[in-house]
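Labels for the chains are A, B and C, by order of writing; each one numbers its residues from 1.
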Amino acid sequence: MSLIYLLDLCAVAVCAITATLEARRRELDLFGVVVVAVIAGIGGGTVRDLLLGRLPVYWVNDPIYVVVGMVAAMAAFFLSRRMAPPKNFFLIPDAVGLALFTVIGTSVALSLQVHWFIAALMGVITGVFGGVIRDILCNEIPLIFRTDIYATASLVGALLLITLDRIGISHEAAILLAMISTVAIRLAAIRWHIHLPRLRPHTD
Amino acid sequence: MSLIYLLDLCAVAVCAITATLEARRRELDLFGVVVVAVIAGIGGGTVRDLLLGRLPVYWVNDPIYVVVGMVAAMAAFFLSRRMAPPKNFFLIPDAVGLALFTVIGTSVALSLQVHWFIAALMGVITGVFGGVIRDILCNEIPLIFRTDIYATASLVGALLLITLDRIGISHEAAILLAMISTVAIRLAAIRWHIHLPRLRPHTD
Amino acid sequence: MSLIYLLDLCAVAVCAITATLEARRRELDLFGVVVVAVIAGIGGGTVRDLLLGRLPVYWVNDPIYVVVGMVAAMAAFFLSRRMAPPKNFFLIPDAVGLALFTVIGTSVALSLQVHWFIAALMGVITGVFGGVIRDILCNEIPLIFRTDIYATASLVGALLLITLDRIGISHEAAILLAMISTVAIRLAAIRWHIHLPRLRPHTD
């Protein structure tokens, strides 16, 4: 689990950094940015733990997650005052982070013997809910409800992980394949502008 | 409990459908609509379970709730692209759903031996918080804070159920009477435009 | 603990009253105002209890907190229709409430033997999250992300309490000193317009 743990911390940092850059467009002070960024990083796993009853939530017993999120947010805060990051710089780290949160969330739920459908849901919740809370705090309709195939990529990865686990493939290989599929779908959706169907707003 | 269970699933479906129709006015894709709709359907009971410490929350061990919400939302999503539903079509199902969620939430809390006041609160939370979270996700001030006697109808039903239970009337009869009173108050408020007092905004 | 308990109830009432006055500017009916006010009063401690797994949350077993919040909100609701409160009337009670919630939250977490860093976080969460949820319900970016040194004052108080506790000073004295420092920093920030650094929004 030690590589996964390290990658998990990296995913928290990436989430915190992208949230900080998001928050650039808002009139937030340093404190506000750091809080929003940390919540973006650990919010998904926190909601998962609350729903599953794994309490206290995971970062209470391992504060390093919060520290990593804070340091990443502060670094991004001060750096972003000096220079704008190259456009699209974070698309790939962000997709990897999504994939990682998804497989971790799914694995945690599977280890609690819940129904496979709930395990997949928990994977998606871990993957996307940090961003949902970030957007709510910033007073926006959550991005994932309006854009691309973000959560769908997470769902496919979670379902693939569960399927491969059932087949009896090694857990490490299953995790790797699930992550690759999530990253591939996410990047393909961005590259070729693939969308889910949208409601055409009526005028009423 | 089998009739209650069936009605509970129907209430989740009704909540999900009305949330889907609400979301029509927003630029949500299919995924966003389904998530908002499912959360509207199961959010109230989820918040209740979290506050009471009944974990994991109820739908983790009974995924059918989530499935019903998803199927109802998807059906409403695709149907609503073809035709608008008749105006006010869902007012009565919605009122019945509110009543049902209220009595279920109150009953669950009572079975945990909490104070009657808390049990009534949990009934109201179960009844209305799905809608509150739906509106927050859609970036609106929750409807129930601005309109009619929605939550008040739920509160009256919860208090009536608790009172009738104390008197010693059969639980089934108490539930039925409580539901009728909630539905009646809700529909009467809509019919005759009854409002609670409102703050007149000062200009400052 | 009896003085702390009384002060805690007062802090809930102050929070509920300031939330009611906030809500004046919105088109909320009586029910909406009371709900927002009660959540503002008890929301911080509720989030703390959820994250720490102290369930059911504290007010389920002690409904007086909810009652105090409701009564304070209703009194403020009807009074505020007759007269506007003097400007800045609540700044000092509000700062005292922040300090009190902070030391209570920190003490609760310390009693559960969590890491000191988490205990400080829980103090801040208890102090400020009621206001965060209030602002989200009112569809605003949470005030504490945009203004003054509100949460920073809470953080300093929490860290001071933890430090003094380690040194071995009596818990009562530690609580008093921590509260004084939080109130002093908060009022000084208001008086001399002290700010944390802010992100200069780029134009992109």
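Basically, contacts are C-beta pairs under 8 Å (C-beta built on N, C-alpha and C of every residue); 3 or more make two chains touch, one makes a residue touch a chain.
Quick caveat, the model's predicted, so the values are computed rather than measured.
Trainee: Rounded to the nearest 5 degrees, what angle rotates subunit B onto subunit C on CA?
Mentor: Fitting subunit B to subunit C on C-alpha atoms yields 120 degrees.
Trainee: Can we say the copies subunit A and subunit B touch using the same residue numbers, with more than half in common, or are the two sides different?
Mentor: Mostly different residues: under half of the interface numbers shared.
Trainee: Report the inter-chain centroid distance for subunit A and subunit B in whole angstrom, where each centroid is the mean of the CA atoms.
Mentor: Measuring from centre to centre gives 29 Å for this pair.
Trainee: Of all residues in subunit C, which are in touch with two or more distinct other chains?
Mentor: 50, 55, 136, 139
Trainee: Provide the residue numbers of subunit A that touch subunit C in the complex, in ascending order.
Mentor: Interface residues on subunit A, with respect to subunit C: 23-33, 35-36, 46, 50, 55-57, 59-61, 63, 66-67, 77, 80-81, 84, 136-139.
Trainee: For subunit C, which residues are in contact with subunit A within the complex?
Mentor: 50-53, 55, 112, 114-115, 117-118, 121, 132, 136, 139-142, 144-147, 149, 151-152, 195-202, 204
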